[in-house]
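Before we start, here is the structure in question, set down as C-alpha cells.
All chains are identified by letter, namely A, B and C, in their written order; residue positions are counted from 1 within each chain.
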Amino acid sequence: MATRNNPERTPERLMEEIRGTRLPIGCIAVWFFGQESMVIKGKETVIHIDPFYSNYLEVRGVKRVYPPLLKPESITVADLCLVTHEHEDHLDPWTLKVIAKQCPKARFMAPLSCRPELETSCEMKPEQIIDALTGEWLELDGNNGEQIRVKPIPAAHESIETTGNERAHRYVGYLLDINGVKVYHAGDTIVYPGLPELLAEEGIDLGMLPINGRDYFRTSRGIVGNMNIREAAELAKISHMDMVVPLHYDLFAGNSEKPGNFVQELYERYPEQKCHVMARGERFVYASPWSFLTE
Amino acid sequence: MATRNNPERTPERLMEEIRGTRLPIGCIAVWFFGQESMVIKGKETVIHIDPFYSNYLEVRGVKRVYPPLLKPESITVADLCLVTHEHEDHLDPWTLKVIAKQCPKARFMAPLSCRPELETSCEMKPEQIIDALTGEWLELDGNNGEQIRVKPIPAAHESIETTGNERAHRYVGYLLDINGVKVYHAGDTIVYPGLPELLAEEGIDLGMLPINGRDYFRTSRGIVGNMNIREAAELAKISHMDMVVPLHYDLFAGNSEKPGNFVQELYERYPEQKCHVMARGERFVYASPWSFLTE
Amino acid sequence: MATRNNPERTPERLMEEIRGTRLPIGCIAVWFFGQESMVIKGKETVIHIDPFYSNYLEVRGVKRVYPPLLKPESITVADLCLVTHEHEDHLDPWTLKVIAKQCPKARFMAPLSCRPELETSCEMKPEQIIDALTGEWLELDGNNGEQIRVKPIPAAHESIETTGNERAHRYVGYLLDINGVKVYHAGDTIVYPGLPELLAEEGIDLGMLPINGRDYFRTSRGIVGNMNIREAAELAKISHMDMVVPLHYDLFAGNSEKPGNFVQELYERYPEQKCHVMARGERFVYASPWSFLTE
C-alpha cells in the first residue's frame, strides 16, 4: 500500500528519481529492477545495464515471478546502455528498441556477436553501437560533460567463448569508473581462473555478482549457470570488494536462489565483508570508503 | 588479511573515520560495533548508542563471540551518548566511565533509573546526565553549532515499566532527528500496542531493530527477550520505515539469531522493503529518499 | 549430559546396540557416524560403509569438527565392509586394518584400484577382499544364513574413471538388497547422465546422498566435489526414492553444508518427498512402505 512516506514507485516516478539524482564525488546511485537489470548514475550520466522490461520472454512462455518495475516506453533517460550477452533476459530486443528510439543520443555497448541483433531486431543505427571488446578501458563522454570509463572483461557463462577475435568475447562483465567509484557488474558468469586476481588488481568498490549457481538438472534443461552463493561470497572477499550486491536470483521460479542465504553465508564466513541486498526498485546510494572524509 | 584496499580497521582508524566523516543534508553515517552498539554522525555531532566495549561482562563469565572492535580508551570523540537501559551490554560502566572522562563535554542520556549508576560506577557529574523522559522531543546543542533533536520512547523489555513518574521508563528506545534524517534505535523491546502507530506517525527513515526474539527457555535462564525476525520485518513494513537495520543477533552464542533469515523473511514477505545488514565495524552511509534529488 | 532416557552413547554401547538389533522383514536399521560412515543391519548381517574412525587424517593436519563416535578397536561386529573409494575419509587404513584383524570373517568390498592398499596398509588377506565390479548384483552370505545382495554402481567424483577394465570404476556407490529393503549409498558423486534412470529402474527405498556440492574455490584447493542440495533433492524426487538421507556435510569445516537447507529445499519443491536427517550416532529404523501392512 502506498502512503505519504512510501508513495507508489511507478515507472514514471522511478524515471523522475533517476533523472533528478545527482551525487557528490565518491558516490553512485544504483537502482535494481530484478534479475541483472540495473541503472547506475553518478553525477550526470545514466547507465542502464541489461534492461529487461518487455514481455518478450513472457509471450514465449517464460513467466516472471513479478511484473517489470519499469516499462520500455517509460525509459526516457539513457546515456549509455550496457548489454552483457545475447540471452533475452539480458539483451531484451523489445526494451532496447524502445530505448534506442526514445533516447537517440544513447550509445549501446554489447559483445560484437550481438551487433547484428542490435541493428536488426532493435533497429539501432551502427553508430549507436559500441563493441564490447574486452581488456581495455574506454573513455566515454557521459552527459553534460561528465567523463566515464568502461572496461568489458570476459565472463564465463559457463565457458569463455570468443567470436571473431580474441577480444570479442561472447559473454562479458563490465568494469565502470564513474564519479570516483569503481563498479563491477559481472553479467552472467562462473568464477574462472584469473578473475579473482583481475578484480583484486582493479580494486572494486561495488561488485554486483550473480548468485543463482548451476546444477545438473538446470543444465539438463538448457539453463546456463552462474557462480553460486558460496563462490560469490568468497570472490567478493578475496578480491577485496568494498561492498558486494547479489544479483540474478529473483525473476524466474525455476532458476532462483535465496538472497538471505547469501547474507548468512557472508556473515558466517566473512563477517567484515560489506554487502547490500537490493529491495525491488530501490535507489541505493553507495558511498565509497573515502567519500565524505575530511581531515 | 588487511590490504591496501582493505586496511585493518583498528580502533584508532575507526575513530579517525568517525571524526573525519561529514555528510550532506539528508544523510547520516552509521557504524555498527555488535549487539546494539552504534555510532551515528550527520554533519558534526557524534552520537554513541549503548557503547559496550569493555570486558565488564567478560570478567563475570559472559563470553563475547568476537572481541570488541572499539576499546573504551580509543573513544576520543563523543558529543552525545544514549543509553537504552541498565543491562550491562547496554549500560557498560567500564566503557561509559572512560568516555565521560575522556570527553568531558559529552552528555549522557539514560533512563532516570540509571542515574545513580552513572553518577557512581561511571563517575559522571550530575550535569553530564540528561534523563531520558519519554514522549517529548528535546532540542540539544550538538558539535560546532549543529542542532539535533532526541525523543526517548518507551521500550517493552519485555514489559513496559516506569520508575518514579510516568515519563520515566526503565527501558527506552530513541528517535533522533539529525541532519534531516529521522532515526529510530529501538533498544531492547518487543512490539507493544501503539508502537507501530507511533513510529508510522513519526515517519522513520532508518529504523534499527533487535531481531533475537524470545522463547520459553531463554526466559527460563533469565534472558529478557526482544522482538523476533518476523515481528521486526512486519514492524518495519507497517510503520513505513524507509530502511531497516537488524541489531542484537551476534555477540552472545546463547542469545543469537541469523541475520540472513531476517533478510530472507523480508524478501519473501515485503520485497520492496529496504534493508541493510551491517558488516562488523562498517561505516554505512544512509541517504534518505529525498537526498541528492534536484528538479 | 547423559540421563536414564539418554545414556551416553559410548562406542561400546553403540556396538552392543548394533549387535542386538534385529528387524522384521521390510525394515533396516541405519546408524550414522559422520561424513559418509554408516552401519546398516537388517535381520542378522552387519554392514559397515566407509568406516572412518581413526585419527589417520588428524595426524596429517585435517581436523574433524567433532571426534569420531566409534573407535576402530571398538568394532567387534562386522560381516561386510563396503568402501566407496580411495580417499582417506572413506578408505581409512587405520580403521580398516583393525576391523580386518578383529573380525576375521568379515569381507571387504572396494574398487579394484583399492586392493593394493587393502592388502598392504590394511594387512588384509586377498581372500578377505571382493572387487567392487560395477553393474551386476552379487549374492553374498551374510551372518547366520542370511542372504544379501550388493551391486556396485559407478560414481562420478567428479568424473567417472575406470582402472583396468570397464567394470572396475575408481569411484563407486552401492546398491544393497537386504531384508527386503533396497538401499543406495551414493559414495562421493555428482549426478551424471544415466544415474537418475538407473536408480529409478532399481526402485530405491532408502537413498543416501552427499549434499556438500562443489565450487570454484574448493576445487582450487583440491577438494573434489559432490552433488549439492538442489541436485540431491531433485535426484531423490525423479528417481522415486521412498526416503532420502543427506550425507557428507558435517565433518570438515572447509567442506561442510547445512542439512537444514536440504530439508528446506525439499520442503519447498517436493513436500511429499520423505527425508530423514540423521542425528549423530542415531539408530534410525527405516520401515519400507510395505512393511507392517496386513490385508
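Please note the rule applied: a residue touches a chain if its C-beta (ideal position, glycine included) is under 8 Å from a C-beta of that chain, and two chains touch if they have at least 3 such contacts.
Per UniProt, the chains are A, B, C = MBL fold metallo-hydrolase.
Since we're looking at a predicted model, the values are computed, not measured.
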>> Give me the set of chains touching chain A intersected with the set touching chain B.
In response: none
> Between what two chains do the most C-beta pairs come into contact?
Replying inline: A-B
> Which chain has its C-alpha centre closest to the mean of all protein C-alpha atoms shown?
Replying inline: A
> In terms of CA centroid distance, which chain is the most far removed from chain C?
Replying inline: B
> If you average the CA atoms of chain A and of chain B, how far apart do the two points sit, in angstrom?
Replying inline: 34
>> From the mean C-alpha coordinate of chain A to that of chain C, what's the distance rounded to whole Å?
In response: 44
> CA centre of chain B versus CA centre of chain C: separation in Å?
Replying inline: 50
> Where does chain A touch two or more other chains at once, residue-wise?
Replying inline: 261
> What part of chain B is in contact with chain A in the complex they form?
Replying inline: 3-6, 9, 17, 20-24, 27, 29, 66, 200, 203, 240, 242, 250, 258-265, 267, 271-277, 279-285, 287, 289, 291-295
> So in the complex, which bits of chain C are touching chain A?
Replying inline: 190-192, 213, 215-217, 227-228, 230-231, 234, 238, 261
